[in-house]
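These notes are about the structure you will find just below.
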Amino acid sequence: MTTTHPRIAEAAAPSGRKTTYREAMREAMREALRSDERVFLMGEDVGRYGGCFGVSLGLLEEFGPERIRDAPLSESAFVGAGIGAALAGMRPIVEIMTVNFSLLALDQILNNAATLLHMSGGQLPVPIVIRMTTGAGRQLAAQHSHSLEGWYAHIPGLRVLAPATLTDARYMLAPALADPDPVLIFEHGTLYNVSGDLPAGAGPVDIDHAAVRRPGTDVTLITYGGSLPKALAAADDLASGGISAEVIDLRTLRPLDDAAVGDSVARTHRAVVVDEGWRTGSLAAEISARLTEQHFYDLDAPVERVCSAEVPIPYARGLEEAALPQVDGIVAAAHRAVGEPVLTGANGTERQPVTGRSG
Amino acid sequence: MSQMRPLNSAEALSLIKESITQIVPDADFTLVEPDDKFRDVLELDSLDFLSLVELLSERAGVLIDEEDYPDLTTLSDTTRFLVERTRRGS
Amino acid sequence: MTAFTMPSLGADMDEGLLQEWLVSPGERVHKGDVMAVVETDKAAIEVECFESGTVGRLLVEPGTRVPVGTPLALIEDQAVPDERAGVGEAMVSKAPTCATGGQEPATRHQRPAPRRKAARKPEVTPEPALAASRKEPTGEHVHAPPEPSGGADSVIGAGPLVRHLAVLRGVDLTTLHGTGPGGRITRADVEHAQPPLAPKVRASPYARRLAHDLGVDLAAVQGTGDGGAVRAADVRTAMRTLAGGKGPERTDRGPLTGDTLPDAAIRRDSRPEDRTDTMRRAIADLMSRSKREIPHYYLSTTIDLTAADDWLRRINRARTPTDRLVPAALLLKAAAVAAREVPALNGYWQNGEFVPASEINLGIAVSLRQGGLLAPVIHTADTLPPDALMTRLKELVQRARRGRLRGSEMTGATLTVTSLGDQGVEAVFGVIHPPQVALVGFGAVVERPWAAGGMLGVRPVVTATLAADHRATDGAVGARYLTAVDRLLQRPEEL
Amino acid sequence: MTTTRSPRAPRPAARPNRQAAHRLALLESMLRVRRFEERCVELYSAARIRGFMHLYIGEEAVAVGVNEALTDDDALVSTYREHGHALARGVPAEAIMAEMFGKVTGCSRGRGGSMHLFDAGRRFYGGNAIVGGGLPLAAGLALADRMTARNRVTCCFFGDGAFAEGEFHETANLAALWQLPLLLVCENNLYAMGTALARHQAQTDLALRAAAYGMVSWAVDGMDVFAVEDAARRAAEGVRAGTGPHFLEMRTYRFRAHSMYDSDRYRDKAEIEHWKERDPVEGLARRMREAKELTDRARTALEDRLAAEIDAAVEAADKAPEEPVEDLLKYVTSPVEVTRP
């Protein structure tokens, strides 16, 4: 497989056009706002400011303050209002600045959005889309950097998406809005500036299934969101050492596509889960558990996990990098899984203490 | 133990080979010279040897004591032993 | 007349303590009047009645704890006008229609409230018809003795601790004879039961599955994984070796590719004529592992066998060849009894520590004529009289050489003895069979000049050696063992 | 008791011309709630109803009076003490009883129980068991109406306890900021569970505090169904006229414990008795009797009719099937697979 950079840009179609992840998200919202008058965007600084991360820049001018609605810093109120509006037939897109702030709206997301349909015996579907930034890597320290999507993936009643590619950024929103139930979209902060060519023929994304981003035969790297570029880089590195790694982008964190993960591991017999969440009780833990439940007799090595260190994400660059899954750590985990001695030296492929197995 | 008639040398040797073959099925007697220590050549351990003593004793109808073991070292002295003992015993 | 019952005052309330009566017999009560104080887990609560009438008999004394639904008092039915409602008519006294319909109101109150305990369910089933239909089968089952359930029947006497212990130790309870009262299986029974069979090979689940599918004996595969774990690639390597290199040539990175071994090759590999090779490789793997993992130390001593020899001759003289003993029987017995004296050599090295075995099961190294080696086991060798030991030895060796050993005869050795004396060598320094921690070797019984009591004489002697795991024991322990063997062989009549 | 009558309680100049029939309807509606809940107590004591059950007895005038101001198009968001709201809204007693019996015919298919009654068809958006949790949702319903220019009112009930929750203040601000067509009805029964208002709020004049958000705000005698109805009508008119959210503090009292049973250690018996003298149901009945609008015979007939209605509800609930456990996972997500573009 040839290497293109950045890796999350899909193989460029001749007629593909240049875009960024941020622009792709914006384009998706613009399309939704144009095509469905029930759609509106609501959140902190989505209007005049243009969005904390600039995703909604220019939308206010096109759609006006009613549909590009700046909300006060009341996460619970405006997320709850989004839920109420959805109950009343609207198709709100609610933006929360970061996943850390979403905790202020957790009551509404869990006790209302995720629960109402079942608790009401099927009477009240909640077709809301809640977008938020997740993840570290930008030296924003402990209250802007966490990866809590695994928590949300714990909750029945929600669909949890993590677009990791330009195509997904561009085309996941439409199916999310078409879903009659609440959908949470986690946008990793390090992805917004990623640029590349958007394939010309791309269309709505299948939000029920994971995607194989790179085929391989020796080990499966299972990841999503902001860790996908790292996993692909690790796969390159592994390939140069003769190890063929398959990279699976989960895309949908709930419901998990067990079949895609399982099919791959049944072929490669080794799995490395890369998840920026904390190891304990993580999405990585869930995937690992499912693999042992469903594919125990396919496994030729313990499932490896490369997760964030169990600390609040620190500010200092060196510390932050040490706290996060990195390419070297993924490569080392893959080597362990494959049973090859891990080469030390220039590549620094020793197991990182922060990603090591505890105990 | 059944009392047997006296054996001649050929019969005794044949009885010995048969018995050994029973214990060591693929025993190759072409390798064993009459005066070789067959236990070493054919790799009979003490248990094998004991089995051999059992077999010979039963088939020839003679009593073989432990004191007799030194007389059962080569094919030729074993043959001699059996011939003498069957003659004497009957 | 209706019953005033212990109410359910919360979702988690199954019973309540009647603390105090606030009414007396003969007193008039109205629906909603407080009748009594009931103490729950949370608080004392005043409870009301749902009927108007006259308080009849009080059925429960204060201070009594009763289940929800238990009648506490009788309320005699009277048409008492409910003055507080401000209506003169007998509106309130009208007995409310029962929730279930069709039944008279009184029964609703007399019926105990539904309980959560399943055992009680039938008697409180609200629908009479349903209750009746359930009653019959319920009765049958309740009164019938417990159905024996196959093999588990014989272990009914085993308590939870015993069962748990059995699971932990891998003991099949159905194979045990209980020594407890009434034949119950006791904890000691389980503890004295055979320890789990062969030490489990460390292997990845996929390697295990592959080995099973390919007919490869995992124990014979050398693991290259973490801690010597067998991985799929190791199984395939083993298969290729079996195939005599006739498997598909690998041009790529060997262990890293997928399932490339065609089925045809696999089937050919598992033919019986390859058994010798398999065994050779198993021995190679086991011995390699042993030498790789176990820091051996070696001790040797020469033992005067005069006493043993004399004793044997004496014994054997009176016996037919079938019943005679060979010196090996005595040597084995001595080796086993000595292990009882020095238990630190009898057991396993597991997970970084020595686990002593509860029995002394001697593995007997038996060389096969076609090459190779087996180590069948004489269980509880220290308890067998020399005759029994001899019988067992003969059987095992015979079956080993015919390839007819039973599973149980191949497993569970806690200490292995090898004797190369018949091959004429004087001493054997063995390689320990992991996870055992020692191996005892005996050389040939030979006549040697021997000084005893200041006199030089010719005596039959044997060189006994010990190879032991230095992780588990030190030389002093080993020395004690060989000394014990020597001492025991000087008194053969006591063996 | 520290609360006094608010001097700012509305005293509308001209009351609507209430016919006797209307008064009788109010009485019937309140009595239905009262008798229904009394039956609930009985059924709970007999363990037919389980879980937490919060009774509205004493507060009936609020639900019934406010509902008079609402049309079928308006929406209603409620609390966990919502039997009265649901009944006043017109949710059938049978559906509510079946819900509390955990039956599939319940208004939430037996998945909600006493605290989670829903009726989407009647725009009854349910009992919310998180104090204050229904407020943002109500704001959203109102927002949708505003954005689509539908002249509807969303009415949200909540208790005095919700004043301690951020969600109330966030929603009050949001609603006033965006001028949402929202009617906020605070049922101030003086206790947040067992904690008296003065023990959980620094400023106990709740109407005053709501006014600080820039919305119309009145305190109302919640024990007087006419006062409630008047205030609710005027507030709803204001909301419909596009003057933004309105806030009503209904001063009321629950006669029974917080949940099904508690020991009521946190309040005086005398206080309860004092409030019972102002029983909204019997108070109305007395006034009607005095006005010769309600004969004993009529009262009896009314009681009989309600008893029969409740009997029927209980009987139907009792006979109704339970939802098969195979349907446990049904409605975790929407059952109809949408065809994604």
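Going in written order, the chains are labelled A, B, C and D, and every chain counts its residues from 1.
We adopt the following convention: a residue touches a chain if its C-beta (ideal position, glycine included) is under 8 Å from a C-beta of that chain, and two chains touch if they have at least 3 such contacts.
Nothing here was measured: the structure is a model prediction, and the numbers come from that model.
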**Asked** Using the average of all C-alpha atoms in each chain as its centre, how far is it in Å between subunit A and subunit C?
**Response** 45
**Request:** Go ahead and note the Å separation of the Cα centroids belonging to subunit C and subunit D.
**Result:** 61
**Computed distance of Cα centres, subunit D from subunit B, in Å** = 111
**Message:** Residues touching two or more other chains, restricted to subunit C: which are they?
**Reply:** none
**Message:** Can you pull out the residues of subunit A that are in contact with at least two other chains?
**Reply:** none
**Fill in**
Among line, ring, star, complete and other, the chain touch graph is other
**Request:** Give every touching pair of chains, nothing left out.
**Result:** A-C, A-D, B-C, C-D
**Asked** Taking the complex as given, what residues does subunit B use to touch subunit C?
**Response** 1, 24, 26, 39-40, 43-47, 50-51, 53-54, 57, 64-67
**Message:** List the residues on subunit C that touch subunit B in their complex, please.
**Reply:** 312-313, 316-317, 320-322, 324, 326-328, 369, 393-394, 397, 421-424
**Contact set on subunit A toward subunit D in their complex** = 40, 66-67, 71-72, 74, 76-90, 92, 107-108, 111-112, 116-125, 156-157, 159, 174-175, 178-181, 203-204, 206-207
**Message:** List the residues on subunit D that touch subunit C in their complex, please.
**Reply:** 38-39, 41-48, 50-52, 259-263, 265, 282, 285-286, 289, 296-297, 299-300, 303-304, 307, 311, 314-315, 318-319
**Asked** Can you list the residues on subunit A that touch subunit C in the complex?
**Response** 217-218, 242-244, 267-269, 296-302, 336, 338-340
